[in-house]
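Next up, some structures in structure tokens.
Shared chain: subunit A. Partners: subunit B in the first complex, subunit C in the second.
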Partner chain A sequence: MTLITQGAEAHLYKTTFLSPSIPAALKIRPSKPYRHPILDRRLTRQRVLQEARCLARLVREGVNVPGVLGVDWDLNSVHSLKGVEKGEKGVGAGAWILMEWIPGCVVRVVISRWEKYLSSRSHSQGNGSVQAEKEEEEAKILALLRRVGAAVGILHKAGVVHGDLTTSNLILRGTGADADAEEEWKDGQEPNLEGDVVLIDFGLASQSIQDEDRAVDLYVLERAFGSTHPRTEPLFGEVLEGYRASYRGSGSVLKRLEDVRMRGRKRSMLG
Partner chain B sequence: MSPPLLDTIHLSHLPPSMPVHVALYRDVQNAPYLRQQLMSANADFEYAFIDASTVLSRTHLLSAVFRAVNDYMNGRLKSRNVHSEIVFSLSPATNIAESFRKFGITDATKDLLVVKVSVTPEITHESVAAHLGQHVEGTPVPFDDETLSTISDIAKIKKAYKLGALNTAPPNQANGTHDAGMRRLELSVLGAIALRGAT
Partner chain C sequence: MIAIGLESSANKIGVGIILHPDDGSTPQVLANVRHTYVTPPGEGFLPKDTARHHRAWAVKLVKKALREARITPKDVDCICFTKGPGMGAPLQSAAITARMLSLLWGKQLVGVNHCVGHIEMGRLITGSTNPVVLYVSGGNTQVIAYSSQRYRIFGETLDIAVGNCLDRFARTLCISNDPAPGYNIEQLAKKGKKLVDLPYTVKGMDISMSGILAAIDGLAVQYGLDGEWNDAEEEAASDDSESAKPTRADLCFSLQETVYSMLVEITERAMAHVGSKEVLIVGGVGCNERLQEMMGIMARDRGGTVHATDERYCIDNGIMIAQAGLLAYKSGSTTPLKDSTCTQRFRTDEVFVKWRD
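Up next, the complex of A and B:
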């Protein structure tokens, strides 16, 4: 079991489900010692269940998200899954969700590889063919950005808003040989832009069909995109085009997005 | 009687001292007898007897076993023992009697899955194999996805999990749409098992 990443609320491990041949992602929410124990249990349970329910529902709706393989919402349960940090059988070390493992690479990395690739190309050859080649490469990234928009649209259509959309919470599902993220990649190598876009990390997701919540989702993605990929920011419009085409009702959300841009993520000035 | 093809499995994250023994039989002749042993709570017949037509795949059954054993280790069993809990764990609903009617052995059961967990050291591959070989009148077949796919009743499973609207392409369809549909059905079922009882 290896630690992949760690946030303020949860730790994410790569592990296995049932058999060593089935990889899985394990998200553990450890207890927070500074919180009152009763409140801690209630909040953790609520959040673990919220996330698991959203994922289970989206799988049924056919949205590309990791399926739920197992859940334990009791912060105090005893389990060998949780012997991780202390190297012993963890007691009350946290509630967890076991999820399907999605092989591939996060879109953040794919885009930054593409940016590097593009700049290395334009430096190495200084003749007229550069422009044509640049356009060709741009067509590929535009197609990826449209798929990102479509993935968000299908999510919204299913009645869920993500709450924390960034390019790190989108995985480009790898296929066949280059299926895993750990593969090496050399600067200047052409990144693979093919594959399904899978949405991950539903820790802040909720069920909503309101234009406001959907527009805020897009706004958060737009801002995250601008700060993570400043060089590719001019192409973000393509994400919104992919979104527009993905379901009925996207039009009014995009209109709402203009209002949200004017005032920011929070609607009221309180809190 | 030929010896049963008893599969002994160590599940990830469960203690190595608790392997799970699974056997699959076809053309079972004495389902009413086996069910009667369960009803009379005969301690020698503490097994999970499951109607195999309600099971999609190895992963489907084993994730119900995983949930039941995890609940067992946490003292959260809702039913009599870990074996009845396995049948209950297959169900997406919280009604125990109903879960037995839907997923458990019935008098009409022809294809039977038997699960036994080594909750004490006395329960071994040999002891389970010997006991089942003596008492189950049926043809042992391998517990694998290929065999299960010929047994499972997709319409019945969809109904039991209230996934009727779920779109799974018919098996004769080309280019992987059938596989993708079955994968989605399986993941939906696993989600339902994992989330049962979440309030």
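Up next, the complex of A and C:
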């Protein structure tokens, strides 16, 4: 079992399921010692069950998400309950969920590679013939962004909102045999922008078909985009275009998004 | 170079003087004086009265600061003031004082964003280079990370600020506003044991506080804990810890545990997203030791560190305005007299941060 990443909520491990040749993703939500044990149990349980239910539903609906292989929402529950009653500190329960392994690279990395690739090229070359090539490159990234928008649209259509959409929670599924070639990439090399967009990490997801929740989802993605990829931010409209085309009812969500954008505090009210 | 900073965006008026030695060594705080407008228990501060208080104190504090710093107006290079955000009438006190000093002394003005002031002072005092910043005060709640010359807001409150939530609950319970309502809630919460169920409202990267305030206010009314204190009753309740009825201390404890968990959660999410290991807590609520403790546990589990400052720099002060203003001044920005206005709305991410790369 190898630790892949420590997110905010959980630790993600790569392990195997049933046979050593089938990789699987194990997400462990350790208890959060900074939280009060009662609050911690409540939140951990709520979230892991929510995550499993959402994923199960999405798999049924045929959305591109990892399938659930197993879940436990109350590790050593008896022990921890007793601890709380005795007033012991820091004995909240943990929980885990085992999921299908998605080979590929997160979109955050793909985009930053693309940004680096682009800047390395604009340094080395500067003549007019590059213009056409540049447009071709841009077309590729635009297509990726549209696929991202479409993936979110299909998710919403299935009745689920993600709750924490960032480019780190989108995987570009590796294509072909060298699906595990995530690490081998040198600065300035052209990144692969092909492949299906798979949504992961449904730790804050919930079942909802309300425009409000859907719009907040898009808003979170938009803001995460702006803060992680300032250079690609101007192209975010393409994500929304992909979203618009992905299902009926996307129009009213995008309209709602404009209201949600106005919500941050202390904005200038001019214009 | 020497800058004088004037801050009066809420119920404190502060004057600070900072020296950036010409040889580039660590900046020195020459003076940092402040006066707080304190209202009776159960009352908040009204803009008009607060502004009157600030106007009465402005000149006294400037004189005191100059005396403490042992400098004369001739030594000052620029006059920095809070341009916003904050309450309109109180903000004007510092802006007018700054304009007056500028004309009197013949020095340049620099308008400063209050939030950026907090961040820059926190960075200076703690020496953290590129932290995720949690800015929590009576008027602001933001999780901020620096990227490409802007302090970008990752998450913020959608309605009221965390400090506002605590202050208003203090008002419901008629807790003293001296030295600060949040401080008194913190002390009371130390005696609390029972956790009452409150809404937990993290929405995306943002949080919402107004529903929590309504819920806990409702509980206070339901258990007859609002309004004037009745000491005998309070003692009886704390003796009888097995009873189902929560005490004032329990409510303060539950409120703190719930809202701080939310703050730590969104901060942790921002850290995970940016890949940063440092957290800097700034703003008035940043003095709260329970918040610092919770943040510390979170950071430790991630192999990171927490930087926090004490009440001299956490709570609104003039020195942070001087610090941020002087950084801007050295990078060539000044505010002409005709633009030296102040505004209630001024987002952290509107400021172009010229002095960092």
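As a convention for this text, the second predicted complex is superposed on the first by the 229 of 271 C-alpha atoms of A that agree within 3 Å, B and C clash if a C-alpha of one lies under 4 Å from a C-alpha of the other, contacts with A are read in each partner's own complex, and residues count from 1 in each chain.
The rule is short, and it goes like this: a residue touches a chain if its C-beta (ideal position, glycine included) is under 8 Å from a C-beta of that chain, and two chains touch if they have at least 3 such contacts.
Values in this document were obtained by computation on a predicted structure and should not be read as measured data.
In the superposition on chain A, A:Q6 contacts subunit C only, with no contact to subunit B.
Of the two partner chains placed by the overlay, neither subunit B nor subunit C lies in contact with A:S246.
Contacts of A:N64 after superposition: neither subunit B nor subunit C is touched.
In the superposed pair of complexes, A:N192 makes contact with neither subunit B nor subunit C. Of the two partner chains placed by superposition, A:T232 touches none, neither subunit B nor subunit C. When the shared chain is aligned, subunit C comes close enough to touch A:D164, but subunit B does not.
Once the two complexes are laid over each other on the shared chain, residue contacts for A:T44 go to neither subunit B nor subunit C.
By the touch criterion stated above, A:V220 is placed in contact with subunit C alone, subunit B being left untouched.
Residues 6-9, 32-36, 38-39, 42-43, 163-164, 166, 168, 204, 216-217, 219-220, 223-224, 226-228, 230, 263-269 of subunit A are the ones touching subunit C in the complex.
Against subunit A, the residues of subunit B that register as touching in their complex are 9, 11-15, 59, 62-63, 66-67, 70, 73-74, 76, 163, 166-167, 184, 187-188, 190-192, 194-195, 198.
Residues of subunit A that touch subunit B in their complex: 15-20, 22, 49, 52-53, 55-56, 59-60, 62, 67-74, 77-81, 98, 100.
Those residues of subunit C lying in contact with subunit A across their complex are 84-85, 140, 145, 147-148, 152-154, 156-158, 195, 200, 202-205, 257-258, 261, 264-265, 268-269, 271-274, 293-295, 297-298, 301-302, 343-347, 350.
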